[in-house]
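In what comes next, subunit A is part of two complexes: it sits with subunit B in the first one and with subunit C in the second one.
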Partner chain A sequence: MESLLSFMLALLLAPLFPGIINRTKAFVAGKQGPPLLMKYYTLAKLCRKGSVYSTSSSFVFKMGPTVSFTAALMPLLFIPLAGTAPLFSFHGDVIVLFYIMGIGRFFTIAAALDTASPFEGMGAAREAFFSTLAEATIFAVLILFYRVSGSLSLADYFHGENAVSLAGPTGALLLFVIVAMFMVLLTENSRVPVDDPQTHLELTMIHEVMILDHSGPDLALIELGAFFKLLFYSVFITHLLQPPVPAGILVNGLLFYGILTLVYVAVGVTESTMARFKMNLVPKYILTSFTLVFFAAILTMGFMQ
Partner chain B sequence: MDTLFYALAVILAGGILPLLLYRQFKVMKAAAVIATVVGSMLGLMALTPALQDTGPPTTTWAWQQFLTLTFSIDSLSVFFLVPIFLICPLAALYGFHYMDKSEEAWRIAVNYCCLSLLIVSMVLVVCADSLITFALAWEVMSLTSYFLVVHEFHKKETRAAGYLYFVFAQAGAMCIFAAFGLIYSVTGSFSFDGLDQLSSPLKLAVFILTLLGFGSKAGIFPLHIWLPHAHPAAPSHISAVMSGVMIKMGIYGIFRFYTLLGDTSMLPGQIILAVGMASGVLGVVYALGKHDIKRLLAYHSVENIGIILIGAGLGMIGVATGNATMAIFGFAGSLLHVLNHSIFKSLLFMGAGAVLQKTRTRHVDELGGLIKRMPTTGRTFLVGSISISGLPPFNGFISEFLIYFAAFQGLTLPGISFLFASLAIISLAVIGGLAAACFTKVVGIVFLGEPRSEAAARASEVQASMTLPLLLLAVLCLVIGIFPAPFVELAFFGLRDMAMIGAIEPGTGQVLISNLAFAARLFLGILLGVTLLRRVLYAGKEIASGPTWGCGFTQPNVRMQYTGTSYAMSIVEFFQPFVSIRTVYSGIRRIFPGATTYETRVDDIAEIGMHRYLLQPLVKILDRLRWIQHGHIQLYIGYIVLTIVVLLLVF
Partner chain C sequence: MDNLLQIANGEVVRRADIPDVSVETFGMTLAEFVRNGGFVVQFFAFAENGITRLLAVVRNDRLYVTSCVVGAEFPSLTGWVSEKFHMFEREIAEQYGIRPTAHPWLKMVRYHRNYSGADDVFGNDYGGEEIPGKYGCFTVEGEAIHEVAVGPVHAGIIEPGHFRFQCAGEEVLHLEIQLGYQHRGVERLLPTVPQRRLPIICEAIAGDTAIGHNLCCCQALEALAGLTVDVGARIVRTIALELERIANHLGDLGALSGDVAFNPPAAYFGRMRGDFLNLLQVLCGNRFGKGLVRPGGVAFVMGDEQRKLIAAKLEEITPQVKNVCDLLFSAHTVQARFENTGIVSREMAEDLGLVGYAGRACGLPYDARVAFPSECYAELPHNTNQMTSGDVYSRATVRREEIMHSLALIELLLQRPETTAKAMMMEERRLAADSLVVTINEGWRGEIAHCVLTGADGAIVRYKVKDPSFHNWTGLAMSLRNQGISDFPLCNKSYNLSYCGFDL
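Up next is the complex of A and B:
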């Protein structure tokens, strides 16, 4: 019951956090910024509208938002939220979840190519390339976690007795993971410095350009899916940062959402202080994150045999 | 065993009947298809008793004194017989409408004859129980498949591709026979027994030689060169059989000889794993760089053989280090991927064949928008693409997951094995990502968007005998993805008679597999829910249609679409020293530039390397010996006599 409530709460709050990023950016830039609940208004507006479909597109274009939304929702069912156990969990679920996110990406890309637009094709090609590289980092993290905890499920990583945490004996290694996962978060959720969600120059975009032709409720599904995905990665990092406090669920929950907000603020600060990379620097950036984690994984050979 | 031989007789009849009936074009094809389908169903029925007990006894068949053929079936054979009897009849059925030129009736009859011979020889390879039987069946398999490849022999490139395949098949066979000779020189018999008694350096030599031989058949990097040439040259249903089933015989050989040799040292596993990772990653990178749809699929075979070998290598390392879970899951994942790959790869080749038949072009950048004109082909191809990318809820994911699981087990091993296991995981992740990138390219460029040529715009759906196999295979992809348990059981069963793994406890992996199935069903359930939600959101809304948003540009045309080449180029460039990209650009020189050309090609470094470091020196040496070939028959007879005399004197 707790798990279900916690899950519902997270779903409800997901559109709030991107608002925090925008407020952070506005604060740094010395502006007032959009209201905190802006994303809710946008979603509601989109849901009220109809849609325009391109004559070039087929049923794959309409499947794109549905599949990518489902793929973004699935991981939240399996990750512990605010100190509660996840709704579902089994040994090996991380591999399944990252592959399910893969099928979401497959359909997003296919839907983009379905529009016959040169811009969307360009975005699709970049998305396919960069996410492949990010996958290497993610699996390197899984390798490290398996070495540290001997487990293959999100629930075991972040919930219960043997949770991996900075305070544990292998905490130093997790510093690498936190940095690398933050880099992956920025990559996978199309944030600066890999992609710019604000830009309106189609040639330079990755994710935004792939969804140019979607409208109405379809676009709402995509947006909400993107919020869920960002939430998943942020929760992943939050769990690594959160110290184990022997207190009630309320304290832990508040602490969790506090740190989660800080992660979003960090995204906002990064976006305010950095420029987007040139496209050819992005692979190097992602490989840096891979190297960090793989180095940490190699280090485990020193003290675990 | 008898039922199996009856099945083979029926299949063989399906090959001989067309030769007699070729004047009645339709009757001939129907006879061949019916006999192949009936024979294969009989064959599948013959496997059911073998599933229960230890299998039928060895059958021996002797002719004169010197030729004794022995056949037996163990669990590994049973497993490999399943794809043979599953895919081949579907391919034969597909051929019914695919081979539609009635003026070539005789050639098509010969094609059916060779196909049935190929099926029979593959079954015999899998059932062979002695070196000589294996060698004989192996050669028949190579030769018949060669004749199938050169079906369109009037085309020069087909003949060249056939020749290349022939050279690789025979060079590979030579390595295998050399290994058999080594074995015979020690044991003095053609029997499979006693191979585990060989000394360990000899075991390693046999292992390496057979790996070269079987590897050139399976298409491991860098011995894969024939695949991307032979598959586009062969008719599509033949490509489906060759890529889906025949190259797996190479995998079978590796498994069989690994079992027979019983070499439990680390080296074989490490070699296989390294070869698997190289084949897997480079196979998919080259697939991205190729734009001939069948050549691209051929490179994906290299990739999938890589995944299969990663599983096998992990299994071998598991055996060597005594990690039973790792061994079982590695081998089982490898075997299941053999079955899965045979399903989705034949589906994809048949889909490509349908596109080829309707548009007469294999180049992806001349196609587009086909899913609207060929709905069944397009949808089934989409299913095949998701499956081969290893994405849930389809079958490719199940086998890849088992291999992942084995690799994660290996992470607890010390030292070098840990490194191997983690590299295996990283390679699998990268392969998965790149495969998804490649198949979004194929689906997106070929089937989605707008047609890029007249031919693609005029395409229409293919006939029922071609769509039926596609549908069956696509359904099978989904069924294995959602109900994986019996198929994983089958893979575990395949390992039953591999002595070095030891007995597999009943119930191994059951929880894991049911969880996988649960995740797949949960995903589909939520997807269904979201689809309904979308329906609700759209109820009563205004749905309009218009042109694609051209970002302000008002005169878009189909040539402005992203092409496969541009889609893949940044990824291919990233892998550069391992991939050679050749660019020819005429440049813009004057103020009012004339016609400019720009051309890029992605060349296979294995091909370049083999040409430069093997072929050219060889030709140089052999050129010096040209004087031996002078055309005087009497001197040739002299050579023969001299050889016999020398042999008699020496031995």
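Up next is the complex of A and C:
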């Protein structure tokens, strides 16, 4: 029951957190910034609108948003939230989940290609390339976690007695993972320095350019899916940072959301303090995150025999 | 040099004194001049009493003019001598239906019916449903080539223009820029309106260069009407031109910063641009300086109150400008984006005849304020820049230096005690008959040149306008050669050229 409530709460709060990023950026830039609830207003606005479909697009275009939304929602069912056990869990669920997210991306890309717009094809090519590289990092993390915890499920990693944590015996290695996963978070969620969520310049976009032709409720689904995806990665990092406190669910829950907020603030600060990379430097950046985790994985071989 | 008449910026010459040579001599003279390091300021056709002539204004460190009678065609100088003639010859072909023979890439400039009623050189029928953009772009063939078409309708608040990229993956092989969507017929309109409307129309040639273009127009009218401008008015005009420069440069530095997703300077610069526009409002009540410059002086006297307001604001804002510039230019992620992006070599820039900061960033030091000083510029210190690698970083650095230089100029000018005697209002004045005047000013984008020809009754027979963008658009296209297509917005913003200034 509390798992379900916790899940519902997380879904409800997902659009709030990007508002925190925007407020952080606005604060650094000396501006007031949009209201914290801006994303809710946007979603409500989009849902009231109708969708427009190009006559040259097919059912693939219409499928894209639904599938990508579902694919973004699924991982939240499997990851522990605010100290509660996840709704579902089985051995090997992490691998399934990352591939489900892959399916979501596949359909987003297919929908983008379906429009036959040169912009969207360009964005799709970039997205496919960069997320393939990011996958290397993610699987290096999974290998590391498997060595540390002997498990392949998110519930085992982040919930219960043997949770992977900075305070644990392998905590030092997790520093690498935290940095690497933060880099992956920025990549996968099209944040600066890889992509710029605020730009209106199609030629420089990666993710945004693929959804240019979507409108109304379709766009709302895509946006909401993007919030869920960002939430999933942020929760992943939050779990790594959260110290185990032998206290009630309320304290742990508050602590969880506190750290989660800090992760989002960190995204905002990163975006305010650096410019985007040149497109040809992005692969190097992603592979750096892979190298960090891979190094950590090598280290485990030393003292975990 | 026998076939060239030396003239001065803003001084009337009698048309009878302008050399009138044969088309061949005309071409040879220009070819020799440009080959010896000369640049083209104006090159256009005009028709009078059934005779069409070509007239060219060229510069090295002085200004020269020459002309010839032309028939239905003339030998193109573009492929033979220099790219500097390229756009001018296309414009002549479009405006008067005169074909430059052997022009390497003859195509439309602004898509309009020609003035002379001759057959359209490009075979377009403007009575039908011709629209701007009817043109088969240059294409690159190949399996791996893809074409990206951007515009004419863009995201964001910019003017219409069509950009066609031929790409191999992320790399741009060729960019073709097709403009003309904003053509309003300014040059045709100007000779037909009452004199009092001239400054108002010139202020609207390019909205961000209201003072620059209007200054050229007013200086031309002053020269033709024999008016003198007192020192007080000249000070105000100079301050206004520099304020316009600062506001635009600041806005563009902010936009450059926004384009690389470095937000804080974008926000700060955006606010400061507003501060400088507000200073123009202090001068004349309009944030873009419209209605300030009028033939004979300025329409608003700068009193002690305005002086104090401007001086106080400058004192407050100058350190801020410095700090935010430091923030932008010292961020290594920003440097990584700016450096080696969109490079135009010095040779290329010279061949294209780039002007303004685009030229100076490539190592062409030409600054009309130094070479052909008008207003107070002869008495003011010059700006020099060391950063000349021709990339986005150089263009941004030149702008930064120009901002600081302009701030210093305004400070100097504010210390001068002279105040103009009275506000000038627009009046109809008799203009010198059968005369030519060329006025050149360094607008914030670079050399703005207006050329006015009057007829036997003193009426304007031809009014030629050239915005610096006319030279520099080709520079942008060359910047993109072998660049990542994702760097286009950055390169574009580093030039920030005018669409309506080009389209007229």
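In this text, the second predicted complex is superposed on the first by the 305 of 305 C-alpha atoms of A that agree within 3 Å, B and C clash if a C-alpha of one lies under 4 Å from a C-alpha of the other, contacts with A are read in each partner's own complex, and residues count from 1 in each chain.
By definition in this document, a residue touches a chain if its C-beta (ideal position, glycine included) is under 8 Å from a C-beta of that chain, and two chains touch if they have at least 3 such contacts.
Worth saying up front: this structure is predicted, and the values here are computed from it rather than measured.
Within the superposed three-chain model, A:1 lies out of touch with both subunit B and subunit C [touch as defined at top].
When the two structures are aligned on the shared chain, A:193 is found in touch with subunit C, with no touch to subunit B. Contacts of A:70 after superposition: subunit B is touched, whereas subunit C is not reached. By the document's definition of touching, both partners, subunit B and subunit C, reach A:119. With both structures placed on the common chain, the touch criterion links A:28 to subunit C but leaves subunit B unconnected. By the document's definition of touching, of the two partners only subunit C reaches A:275; subunit B does not. Put simply, subunit A uses residues 118-119, 121-122, 202, 279 to touch subunit B in one complex and subunit C in the other. Residues 25, 28-31, 118-119, 121-122, 192-193, 196, 198-204, 271-272, 274-281 of subunit A touch subunit C in their complex.
Residue ranges on subunit A touching subunit B, taken from their complex, read 47, 49-61, 65-67, 69-71, 73-74, 77, 88, 90-93, 95-96, 99-100, 102-103, 105-106, 109-110, 112-122, 124-126, 128-129, 131-133, 135-136, 138-140, 142-143, 146-147, 150, 152, 202, 212-213, 216-218, 220-221, 279, 283, 294, 297, 301, 305.
Taken together, the subunit C residues at the contact with subunit A in this complex read 146-150, 155-156, 170, 257, 259-264, 266-268, 331, 333-334, 336-337, 341, 484-490. Partner subunit A is touched in their complex by these residues of subunit B: 368-369, 371-372, 382, 386, 389-392, 397, 401, 404-405, 408, 411-412, 414-415, 418, 422, 425-426, 428-430, 432-434, 436-437, 439-441, 443-445, 448-450, 511-512, 515-516, 518-519, 522-523, 526-527, 530-531, 534, 537-538, 541-551, 556, 558, 560-562, 566-568, 570-571, 574.
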